[in-house]
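The following pair of complexes shares a single chain, subunit A, combined with subunit B in the former and subunit C in the latter.
After this line comes the complex of A and B, so read on.
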């Protein structure tokens, strides 16, 4: 099972929608999705849409931490959107609401 | 590292081609033609000669007549394949028997292609070139396979060494504690989960369950620094918050951003009947009564270790005070996520269902069996680990009576040290490691050291709680009182702005015996100590008031001075 990544840009917001299983194997797909928006001066914030993510493991959490570091270095903002069910649970257990804006 | 000397990806331009034919004119024609193409012909006049030549000269290709005396071409081809089962050399049959069935038979006998007689030399040249290309690719594959095999052997050897090393560093024998049961099931050879336990000087049991991001060797490597810190600090009796803080500091300095460690660090005190937990990112240890009621769940209050910097790190712990027999179960998220053949995770609901429906004794084993059954033959995605601590098995050391005086060893002369702690320092001081360090330097043997530390920390805590913080122990007797006591203690400690505690330890030599005189004095108003002195420890069913009788049991004598704000005890070394 793989993760499908879709990027949409609207009024300075890059929305990266994830679909499928977000784990160690999605590393490359996920990382390559945010390179362009990070380098784009027109974009001020990045939103990760987790609506269609059905599984999230600790390496995925690690990838989110890495993204956060890059976003902060680029002076942009980051939010995790549509976190529900298992995804929400995993984020709660890891206390990621202390680090991320979760919507 | 060593690479094969031949250039990869091609058989050299000049080939050595074995030609087998019993007709001299054919042999001459083909070998001449081969020479003009720039290759070297090797000649054989029947099948047997061909086999001998093949063994001797190891050619790059074979052109074989089918009908020959002594041994025919098919038999010779089969022999050649037997001789060289792993190294492929193309064999092309040349025959006047040109029917399709005959050709198919020849290919079945180990040939790679078929050329009809009379020989078309243009076609022969083309076939030689095709075979050369295929042989080149084949050789490349063989070389790659060989290299992979070498890498694999090297990697396995390295892993074996690393595994042996890590096993020693995590020393699992400390997990053989009567109060503890554990189960660790790695997804790969190296486990990114670890469970460790150790007893401190005053017999508190420290347990850690840590789950590093990912699995395999990189995950396992990230665990090493925190395991070392765990043993180093827990043995010396550092408090849970300090240990967690130090682990986080080390990790945030060393591991990459995307890696972190979900950790439960717990300290069990049988004497205080407390469990103190720091939980960063673990699904939550569950405390169960013997009957299977859930008494408490230690929710994950913090981020995992290794994410926050030292300044932002929150070391606050949660303390639970138990009253009756209970068991604490801690597991990694891998256990809850383990999937069966239909892809259904084991899940928290099933986990709690088993824990609450099985009696205390077979509880742990039942859970392990259930997880194994659920998992079936499926390989786990993640490491699984679980540990259970049975609070009824945490026994305080059986012998509390004072040790009979032994002939003095170690530093025999008198010495004295005094430590005065003001309000500001009292808020954060971890007294025990400090004392241990000093006493060990004074060459007091380990078991006695532990007792001395126990005595001093009892007296110091009394001075702090009652002398400086004015706490009343009887609060502990009310329902929920222990938690209330601890909350109150925390609040008052944070607001403490005056007062001091003076601790003095003095070694006296009396009739050639070493006696430690310990004196603890606080700036508080003192207390009515007489009822405490007459208490018998074994009959105390109250959740408080054990401290002084305990000290009394360990020492030659105990004496309160003034209003009770100063206490002096003698301990024979």
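After this line comes the complex of A and C, so read on.
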């Protein structure tokens, strides 16, 4: 089971929708999804839609932290959207509400 | 008075009466016949008749008086005997009564003393046990307070017995440290968990960075392999060129001999270059494999299921809730214990106060003792009412009878006076005890 990644750009906001199991194996798919928006000067904000994520482990959290570093380095903003259930609990236990804008 | 002389008294009385009668007779004669007739023989005869009458009268009177006296004496004797018997019986009755009462009084006193001893012993023990109960109660309260505070109070223990107010002041603050120590532990656990989660995520982050680096290494290796392909094709072409040159040199014959040597050398170089290229390819393949295995290691390192953190967090939260509930329950229990202890202390105090009735009872017992003593002395005084001896003759009998009645009356009066005296004595103290009894 792999993670399906879908990128949609709308009015300077890159919306990356994730679907499935967010773990180590989804590293390449996830990384390739944000490489282009990061280098696009037109885009000022990146939003990760977690709605369809049914599982995430520590490597997913590590990936999100890496993304945060890069987004900040590129002077853009980052937000996590539609965090519910177990995903929300894991983000809470990792204190991500202090590091990320969570919607 | 001698007995014989005493017997003559009635006779003298009779003679005196006869003489008086004689004088009266003479007087009557003188009055009727005049003094002149007194000396005539007829008169002398008359006087003689009178004399005879007189003597006879005297004898009759004497006999009558004596008879009357004997009768009186016998009656008096009878009365005296009865009085004596009565007094004797009364005395005997009083003596028996006195003995009986004294015996009973003595028993009553002994029993009273035993009651007093039993009471004083029992009350002493009761007061002791109540006092020790109060102390135990206080200790219990201290222990419960210490139990909830989880802190020894070395300075509190000896002072504790002095007053309750201090205990109440100290009761509230010791609650804090226990909360702190429990909650501190849970807090530290929570902190440790957070740190662990954080470090796990940091590790994952570093691992993901490493994976990216590995990816770029893989890409570099890919590039090198591409370049190697380029080199191999060049060396292949060089080899072909060298082969062509050797063919051309053979065709030229003797003139191309030197050129053939150069062509061989070039071909040789091409082969060597090909060998190097193969070696590099082998190395690069190893690097590629190493990177792939490193990536799987990193995968193992970076991928941590986060549910452990969720479970631990839930457990910590549960523990927090439990501790809070426990603390609340403890607080309630301590409050309850305190209330009970206060109630017990109050009850014990009341009991000890009530037990002070010992003073009153011993006072009352003392009064009863005194009363019994008074009754004993009354009985003794009644018992001393004198015995009366039987009189011998008429005069003595009547005299003694009077005497004895007087004595009896006197004794009764004395006894009554004593009773009066005794009655006034203990009554005076009764008012005092009546006032004290309000304590009950």
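The rule is simple: the second predicted complex is superposed on the first by the 103 of 103 C-alpha atoms of A that agree within 3 Å, B and C clash if a C-alpha of one lies under 4 Å from a C-alpha of the other, contacts with A are read in each partner's own complex, and residues count from 1 in each chain.
The rule is simple: a contact is a pair of C-beta atoms (placed from the backbone, for glycine too) under 8 Å apart; a residue touches a chain by one contact, two chains touch by 3 or more.
All values reported here derive from a predicted model rather than from experimental measurement.
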| item | value |
| --- | --- |
| Three-chain arrangement built on subunit A, subunit B and subunit C clash or fit | clash |
| Touching partner for A:56 - first (subunit B), second (subunit C), both, neither | second |
| Which of subunit B and subunit C A:65 touches, first, second, both or neither | both |
| Touching partner for A:98 - first (subunit B), second (subunit C), both, neither | first |
| Touching partner for A:31 - first (subunit B), second (subunit C), both, neither | second |
| Superposition clash, subunit C versus subunit B, among 113-121, 203-211 or 221-229 | 203-211 |
| Shared subunit A surface residues [contacts with subunit B and with subunit C] | 23-24, 57-59, 61-63, 65-66, 90, 93-95 |
| Contacting residues of subunit B [partner subunit A, same complex] | 211, 213-214, 257-260, 262, 280-284, 300-304, 307, 333, 337, 381-382 |
| Subunit C residues within the subunit A interface of the complex | 194, 197-198, 200-209, 211-212, 215, 299, 302-306, 309-310, 313 |
| Footprint of subunit B on subunit A - complex, ascending | 23-24, 57-59, 61-63, 65-66, 69, 90, 92-96, 98-99 |
| Touch list for subunit A against partner subunit C, complex | 23-25, 27-28, 31, 56-59, 61-63, 65-66, 86, 89-90, 93-95 |
